Amino acid sequence: MTEQLAEYQDFHALDEFAAAADSRWTPAARDFIGLGAGRGLGILANESALQSWALRTRVLRDVSSIDTSTHVLGAQLAMPVLLGPSALHVLSTAEGEAATARAAARTGTVLVLSASTSRSIEDVAAAGARMWFQLYWGRDRERVTQLIRMAEEHGCTALCVTVDMSVPGVLGSRMAVALRGLGDARPLYVLPRDTQLDSGEWDHDSRLTWRDLEWMRATTTLPIVLKGIMTAEDARLAAEHGVDALVVSNHGGRALDTPRATIDALPEVVDAVAGTSTEVYVDGGFRTGTDIAVALALGARAVLIGRPVLWGLATGGEGGLVALLSLLRGQLTSVMGMVGAASVAEIDRARVCRTGAGDGSRHDSAGM
Amino acid sequence: MTEQLAEYQDFHALDEFAAAADSRWTPAARDFIGLGAGRGLGILANESALQSWALRTRVLRDVSSIDTSTHVLGAQLAMPVLLGPSALHVLSTAEGEAATARAAARTGTVLVLSASTSRSIEDVAAAGARMWFQLYWGRDRERVTQLIRMAEEHGCTALCVTVDMSVPGVLGSRMAVALRGLGDARPLYVLPRDTQLDSGEWDHDSRLTWRDLEWMRATTTLPIVLKGIMTAEDARLAAEHGVDALVVSNHGGRALDTPRATIDALPEVVDAVAGTSTEVYVDGGFRTGTDIAVALALGARAVLIGRPVLWGLATGGEGGLVALLSLLRGQLTSVMGMVGAASVAEIDRARVCRTGAGDGSRHDSAGM
Amino acid sequence: MTEQLAEYQDFHALDEFAAAADSRWTPAARDFIGLGAGRGLGILANESALQSWALRTRVLRDVSSIDTSTHVLGAQLAMPVLLGPSALHVLSTAEGEAATARAAARTGTVLVLSASTSRSIEDVAAAGARMWFQLYWGRDRERVTQLIRMAEEHGCTALCVTVDMSVPGVLGSRMAVALRGLGDARPLYVLPRDTQLDSGEWDHDSRLTWRDLEWMRATTTLPIVLKGIMTAEDARLAAEHGVDALVVSNHGGRALDTPRATIDALPEVVDAVAGTSTEVYVDGGFRTGTDIAVALALGARAVLIGRPVLWGLATGGEGGLVALLSLLRGQLTSVMGMVGAASVAEIDRARVCRTGAGDGSRHDSAGM
Amino acid sequence: MTEQLAEYQDFHALDEFAAAADSRWTPAARDFIGLGAGRGLGILANESALQSWALRTRVLRDVSSIDTSTHVLGAQLAMPVLLGPSALHVLSTAEGEAATARAAARTGTVLVLSASTSRSIEDVAAAGARMWFQLYWGRDRERVTQLIRMAEEHGCTALCVTVDMSVPGVLGSRMAVALRGLGDARPLYVLPRDTQLDSGEWDHDSRLTWRDLEWMRATTTLPIVLKGIMTAEDARLAAEHGVDALVVSNHGGRALDTPRATIDALPEVVDAVAGTSTEVYVDGGFRTGTDIAVALALGARAVLIGRPVLWGLATGGEGGLVALLSLLRGQLTSVMGMVGAASVAEIDRARVCRTGAGDGSRHDSAGM
């Protein structure tokens, strides 16, 4: 353990955590976590689209004190990075989501607890982290109500409703093998039920429409975050239905074979809700401080990270995740200094341009 | 056989069928089927152009019942996928086109029987599938008339006239070797003739013009489908000459060394016949549910698959092809759920955008 | 020899000739011929720019008789391909330029005899081919006059003045080695002189301007072809100075480290001399019938081939070159059939579009 | 020594110097010098962006006498290339910056002496080269004043203030290892101080703003060059604050993980100060005569080279660097001849276009 600490404390890139995690996971866990839907093109799309943006550095601005903090649904985060919901943290560390929650608490961010958590919400809540509850909205409306109540009772400060999995995703060949290989790692469903759902069983209500969201809006006073919005049209509908925040997300490339890159979809979503109180976050492929800065410049209030959380956990449990988040925050701090932004609010559209864009006089519209 | 079934029933991507087929074909058959004209750039063009399109997912739409069926020339298909014409199915399965026809019948689609079929039309018709007859229009007008009558008599519901091979294609080096290696696999020409054409003999009438098409239009009441249209100009001419449907096709990259990708040509063809009753289909490189959805979004009524039919047959005969088609339909169903389209008619232009397009507010014109 | 014939008669792509030639040349000859200036990026640029164009095929046009012939400076060629000037054909075949000339005569095209020929002009002229003489314009004006007279006397029908080497090119590292390795292969200068120039000696008059061209225009009645024009500005100057034809050329990537691709420069040159009698040809990377068709569609009257001539010669001397030219003509014939052009004049701008261009209604301007 | 001379005198590309240097450095030195921030994407960006520009060659212009000289801050340089500031030349040659200065003197260019020099300014000045002093502006204002005085006293003709490192850069994993491996190679700080800074200690004043620059402007009569300007906004501010020259630079990709390519930023900076007396230079990835010509065409007055200086030194000390600079000058001369520019002033915007740009009639705006 001490040795491991020694190792990852010295990591300088999230890639090093990824490599360490890969060497610790079983092949099935590695593929289940690392792969995407179909041929995995969505993962590549997310990452390569980020590289089509470059930062416009600014000089001779006072950056002696850089503040990476931001507010998300009114709560202050130490940095504009949330721990996105992902299933089965026990695959990565024995303590599962409890370790994740402690890391969230230590680094001043929020854990979005997955509906497919491998630890009970009580155990996770005990860590004292700020927590949102991510909901897969199943066919049983009563159970949905129970889940919402449960989230409220355990102090969750928002409901994150994942809407991009209304039907099963396109399963790739290696992912199919991985799923079989996971053995008896099963999501510990957060509510007692007569029969435990097993991980192969699909429980998403594919009949849902914005009407049903109105029902949910009336059911709880918790802020509602819709995860998986990729178009201006849906963003507008969300704002009209009183949704508090959106996550521009393609589920880390796990739902659709060839989804659009999330950073490509971000600007239209941001524009669509401009002037409303709906906040916009984004996830998918955020791996460096630069990536985060690009998202903020294009109008996101924060990013969520998915797989990196699991890399941190697999590398060193709670400590590994804390180290990963510190590294990311350090990178963001450096990047903010370079673009001359002492606060995240200063990271505006003029801080980025498309790579290859040769004309700064049109920088405010060039890439859009 | 039972073992093989076990294997391909578990495939999750058409690539797996392709790999299985490759391992069963002779090298000559593998190259004859897999390669294209010249350096094979047309094959790459078709596939990579498809990847320049991304889907725009929509959420909170009722997709509890997704209907993949469509109508093609007035007939209902279980999904918008036809089995495109290809020569010599005996290279892939001993029963040849009879197996293909049974798979078409079982999956509710249409078989377009190639003029270079390796089984007689009687044998194929016996399977009871809906069938179109694909015609290579040779120099002997009387024989053409006989072929049309034959198609009519065996219940074919359309004539598919392939017009993109008026001259021999540009032969690549490996393809030349493959052709020699095919040995005595020869198309069984569907009409008795004095001397059997051998596969090296070219019989396409390169004098043909739209005038001749008028003759054909007058000769039969069967709907006429022109296969191999790649421009707005020809699409307009086709509509003016009463052609019932067009297949935007570059013959799977087998005719021209470096043809335009079919998905790139599709929009101009669709626009050219807008407002007429001429239907538009497309083929070339369609391998996933996403690919099909992109074609529909850009205005195609259906896609044809060429090589995948042979992959299915080579992998497991009729059963292999049924499995492949089921997989494709499953993928399309998933994709439709993700883009919030409960029926194929709902897959409209707003469901796609160019990869890298960063501005949703212009999504309806951005990619065009 | 008979065996070699057997081999190359069966080639289906110029690449096969290239590979055969590579295996016969000494390493020094292979590099001297195959490489370009600097890092060789000009060679890549020429070839990859050609791949950014696609053909727009047309159907149901009478292509039963396809005529690949064209006129160049009033003379008929069997196909729109000239044998471009290149040094030292003895490196490729013992008979040198005499073999090349015989192949030109047999295939109905023109040989542009290089100023650095390795056979005397008398020997080459004996083959009875149509011939242009390519001139490197050295510092000694008297010698230039003698060269022009010599060309006139040996029946050359045009002077091809190469203007893109007014200063020595940027030498790459491997090319420098190759040049040393060529040993005593030296251009046999076509005029007797007191001291033989050796191949390392540079004799290009870098003081030349359009004024000097006026002198040359007055000195001879032979048509003047300027080789190495890459801009609209120079094309306009050339037309104003009574130049009969231009070759858009970057010297096969041998002059400048990173020149513009010739196919990218072609349209501006064509536009600049539109309405004048100045003809435009292009060279650099033309390897297939499609490549030639693209050049014609973008306004070139013909293409020149450089290295392929040497591939043909190295593979089988005169016979190898004849086979290569026949293959190329066959490919062009096939391509013309596919785009529905029975004559080269019909290969107009509407026959091509940029790869990836999704809108045919704008095809006439899209790529420009 | 004689043997080494023999070798590098024959080099034909800077790559050969790079390879020779790599084989002589320790692994730590090689990585410290060769790598960039984060994943090194900035290095790739600089080099690949340069390749998106092509030269437009011109012919029949008198290029018999090509003058590569230019003026920079009123002083004449033999060519538009300065030796950019870089730390610790002793890692490359035992004599360190003294060797560099002698090479600068011999080749008629300027050495920008790094604040992290490994030789004292007295030793370096002894070589008699023209010299600018590069300043990292630390927290101790008095020390900054002393450094300026020192530069003035040792005959430096400009102050080069590097402003793109106000905060520590994003450290990549391999770079972190390299830094540890450098052992006791430490910048010899140019002023006596109580305690020597060690190379790990960061001394950049991150509070600085344009206000402070006003102070510096008033403190010295030396011309002030700001290094690290990447936007039109900052360029305008610099001109307003009386800055004499700007270096468009991303610190050779060593500051930010994914900076914009400098050649992409150059045009907006040039436009922003057009009409003022502020000069613009650029650095990052300039490796050939073509690269330099592109920069000049896009409005830079000169380029700085960073790593190539160290390649030259490591290959052969002073002599190696002289050879490298001669090679570069030879390449530039050749390129100027090819684009028909007898002087650097003639290398205007019309000499370049984007690769792939097919329309010369719009060349003056196409790439912008």
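Order as written gives the chain letters A, B, C and D; numbering starts at 1 within each chain.
Criterion: a contact is a pair of C-beta atoms (placed from the backbone, for glycine too) under 8 Å apart; a residue touches a chain by one contact, two chains touch by 3 or more.
In this text, all values refer to a predicted model and were calculated from it rather than measured experimentally.
If you take chain A and chain D together, no chain is in touch with both. Comparing the contact residues of chain C and chain D by number shows a mostly separate set, under half of all numbers used being common to the two copies. With rounding to the nearest 5, the Cα superposition of chain B on chain C corresponds to a rotation angle of 90 degrees.
Greatest Cα centroid separation from chain A: this falls to C.
Measuring from the averaged C-alpha position of chain C to that of chain D gives a distance of 41 Å.
Inter-chain centre distance (chain A to chain C, centres taken as mean C-alpha positions): 58 Å. Contacts between chains close into a ring here, every chain touching precisely two others. By the contact rule set out at the top, the touching chain pairs are A-B, A-D, B-C, C-D.
Those residues of chain A that touch chain B in the shared complex are 38-39, 41, 45, 49, 52, 163-164, 166-173, 175-176, 205-210, 212-213, 226, 228-234, 237, 250, 255-261, 263-269, 271-272, 367-368. Looking at the complex, you find that chain D touches chain C at residues 10-13, 15-16, 51, 54-64, 66, 288-290, 331, 333-335, 337-338, 340, 350, 353, 355-361, 363.
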